[in-house]
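Labels run A, B and C following the written order; every chain starts at residue 1.
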Amino acid sequence: MSKAVVAPARKYKRKSRFKEIWRRMKKNKLSMVGLCVFALFVAMIIFADLIVPYRIALEQNVWEQFAPPSVEHLLGMDQYGRDIFARVIHGSRNSLLMGIAAVFVGMIIGGTLASLAGYYGGKVDMVIMRISDTIFCIPFMLMGLSIVAALGPGLINVLIAITITAIPNYVRIIRSAILTIVGNDFIEAGRACGASDIFIILKHVAPNAVGPIIVQATMQVGTMIIFSTAFSYLGLGIQPPAPEWGAMLAEGKSYMLSAPHMIIAPGMSIVLVALSLNLLGDGLRDALDPKLKD
Amino acid sequence: MSRYILKRILICIPTLVAITFIIFTIMSYTPGDVTRMILGQEATPEAMKELAHQMGLDKPFFVRYANYMVHLLQGDMGVSYRSGQSVFLEIIHRFPITLKLAFGSMCIAIAVGLLLGILAAVKQYSILDFFGTALAMLLASVPYFWLGLMMILLFSLKLGLLPSMGSNTWVHFILPSITVCVGSTAAILRLTRTTMLETIRQDYIRTARAKGQTEGKIIFKHALKNALLPVITVIGIEFGSLLGGAVVVESVFSLNGVGSLLLQAIRLKDTPQVTGCAVFLAFFFMMIMLAVDILYAYIDPRIKARYQNS
Amino acid sequence: MLEKLLEIKDLSVVYHTDEAHVYAVNAINLEIGARETIGLVGETGAGKTTTALAILRLLPEKTGHITQGEILFKGEDLLKKSKREMRGIRGAHISMIFQDPMTSLNPTITVGDQIYESLLIHNYEGKPRDELYKRVDELLELVGIPARRRKDYPHQFSGGMKQRVVISIALACQPQLLIADEPTTALDVTIQAQVLAMMYDLKEKLQTSMIMITHDLGVVAQTCDKVAIMYAGEIIEFGLAEDIFESDQHHPYTTGLFGSIPDLDIEADRLNPIEGLMPDPTALPCGCKFHPRCKLCMEICKTTLPPQWHEGDHMISCHLYSREK
């Protein structure tokens, strides 16, 4: 007690931004669960053939139609005696990749349009925003259905439909993310210091705008999976016999009283993927912007 | 105020024109020969040409669009290729079912979303908050058509409590409404919680406390009105996703609404029917957005004032 | 001798957050007599606002905790009151004017209704509506706003006008104690003097006691009878306005405060700011809290809490003076 105790200056360790975000993410148990579950699904896509060969998903065993879950067939059999476990595993390729592809392509196109709008401003901005606002006025499912109606059913057509339909939303999200950053004082400060536009964009705008965009993208993948499976459920997506979660639900609908396992497994898969992505996105948002938490 | 409403309605007109244009353009890319579809495989080329001329299909795109718009303004959406009946009448005939479904689910979404959202915010970090947040997360992740199937399985087939198809009484709408509303409930719940949390940290809430106001009045009189503003906008937007959801859910519950009409038309490549349904539902959604905007201005004095004085 | 209206005894407030405990107010004592105005002066973060919020028991429920002490209002301990009783006191007996008038008014309620609300809450005699609204008009006129603007919304008022509305809300029920938390900081300099003068007049007219929280010594000189200087959650000097502004004996921090004000009579090249920053309230220094910044720091200051030196009403909490004795 005899020594002078000066208030310790807070130590600001210069951790990398990524490490800091990761540290905060790890604190959020639920989002880590989400990350793990999603990682499992991704592993499932990659190693699907190692888990169950694709032919099992198509092989029909007449003797085992509607067989309930058992040791040999973990999730039971469907109306043609096909192994539902194998179909769920291989269905993930169609359903999950659809969601990821739709968001990825949509974000790239939307991001380009939003950057053009944000960079050039004025008339370009107005035209892009007017068009995307108008498309935004058409309910999502309706717009998607119209495009599928025009293009005809099929996996790729559904992908095109939901991607185009989602673009206005992404343009909005990304443009507002850019604008909030550009309107900030530290950008002005950068300009005042004589930094070039490119430097400001790379050093300040991009890293700060990327956070909210990644969060949105993560959650959007879940939403897009639900939408794409809805199209398959309506019979407008991938055509049989290829396995797909939504299509499996449509097939199982007629037999759901006698063979509920036919709709439970694919449905739960969609819920699990979407939930894991939502948890992950939520955790990411909190980690990226801790002040939003309370 | 009426000036604002008028202005807002005027803004609607170009949007409506643009919406029809987009849908009409998309639908005009429908592959396949319409005349062959109507006349069948054995039709002679002359007969097909004759029909195409009759239907105006040989005219340039913009002329066809202009024609469509002129007819549309008179409430004429063309004739179904399949049934040969007026598209508009068919839609109007089926619309009440979709309307009931959409409004029913909107009511549930608003009631549950607002209530749980407010409670979760007021009792932040409590069990209730955790429950509300978890529920929102779960509801946002459930594909509604699957939820519909599961509810049919449980409440109709196993328990026999509620009907799974038909639209005769309001009881028939219980399961479909719950099915459609999940996504919107989640969205409203989350947003209500967030804006409410922001609002109760505002200085004017502290001012109200310093006056000696009770917590209940502070929440419902001071905080809610302010917190509602962003929520109202989202409720409007969510109405769109409800309409979209209704299209799918109508097929799950075998309801004969505009949605199932649209799906049927898509399967049969009945272009006028598809265009008609899409345009009609989009128009309806625009009307809802208009109503929401007017309501917004009514609640927020800052917007009202902007138009009163000008 | 004026009767004591409010006595704060040994009050400590700690904020518990996830990361740390913030010691915002540390065992302060303060007395306010009827019709007195006391200035509470200090830098941002010195615990002035926390003290005010503690009096009204408006500290954030989850994080702010009063760890010890008593707050006696007319002899009764406010800390022992139920929530219901506290609501009866807030607004009616003790009112508060907040710092930022731009955000202190509810944007969706007319200003008239916001004043009316204050009257309605404490309308124990059951006065009819018309009478209360008449009083709203009176209050608006009192703070210099035409009564016809009663139905306007806050966004239609300027900052100074909004602060007048806030003041009329606070004075609506004629409280015995008014706490003004930096009432003029957010206003334009030209408006500041107006609002301040008006507040002072009203306070005299209504015979209200006032705690004037500020970091502006000029405001204190204009309005206050007594002054308490706060530093790092402690009152380090207290005295009559004359003691603070005219006496030669001061806490080194107070001397520093005066040194940082430009003086028109003395020609100086630069201001004399106090070196350093306020200590981190999560880890306060031992001994005198001011010692790391003090130019007159002694060994004893670093280890031992300074004793209080009294001369009449003047109190200084510093080792310098105890040594002289």
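We adopt the following convention: contacts are C-beta pairs under 8 Å (C-beta built on N, C-alpha and C of every residue); 3 or more make two chains touch, one makes a residue touch a chain.
Keep in mind it's a predicted model, so treat the numbers as computed, not measured.
When the interfaces A-B and B-C are ranked by C-beta pairs in contact, the top one is A-B.
Comparing the centres of all chains, each the average of its CA atoms, the largest separation from chain B belongs to C.
Computed from the mean C-alpha positions, the centre of chain B lies at a distance of 53 Å from the centre of chain C. A separation of 23 Å divides the Cα centre of chain A from that of chain B. None of the residues of chain C touches two or more other chains. None of the residues of chain B touches two or more other chains. Residues 56, 58, 62, 86-92, 95-96, 98, 100, 103-110, 114, 117-118, 121-122, 153, 155-156, 166, 169-170 of chain C are the ones touching chain B in the complex.
Remark: chain A residues 133-135, 137-152, 222, 226, 229-230, 233-236, 246, 249, 252-253, 256-257, 260, 263-264, 266-267, 270-271, 274-275, 277-279, 282, 294 touch chain B in the complex. Chain contact summary for the complex, chain B toward chain A: residues 15, 18-19, 22-23, 26-31, 124, 137-138, 140-146, 149-150, 152-153, 157, 197, 240-241, 243-245, 247-248, 251-252, 262-263, 265-267, 269, 271, 274-275, 278, 281-282, 285-286, 289.
Residues of chain B that touch chain C in their complex: 125, 202-204, 206-214, 221-222, 225-226, 299-302, 305.
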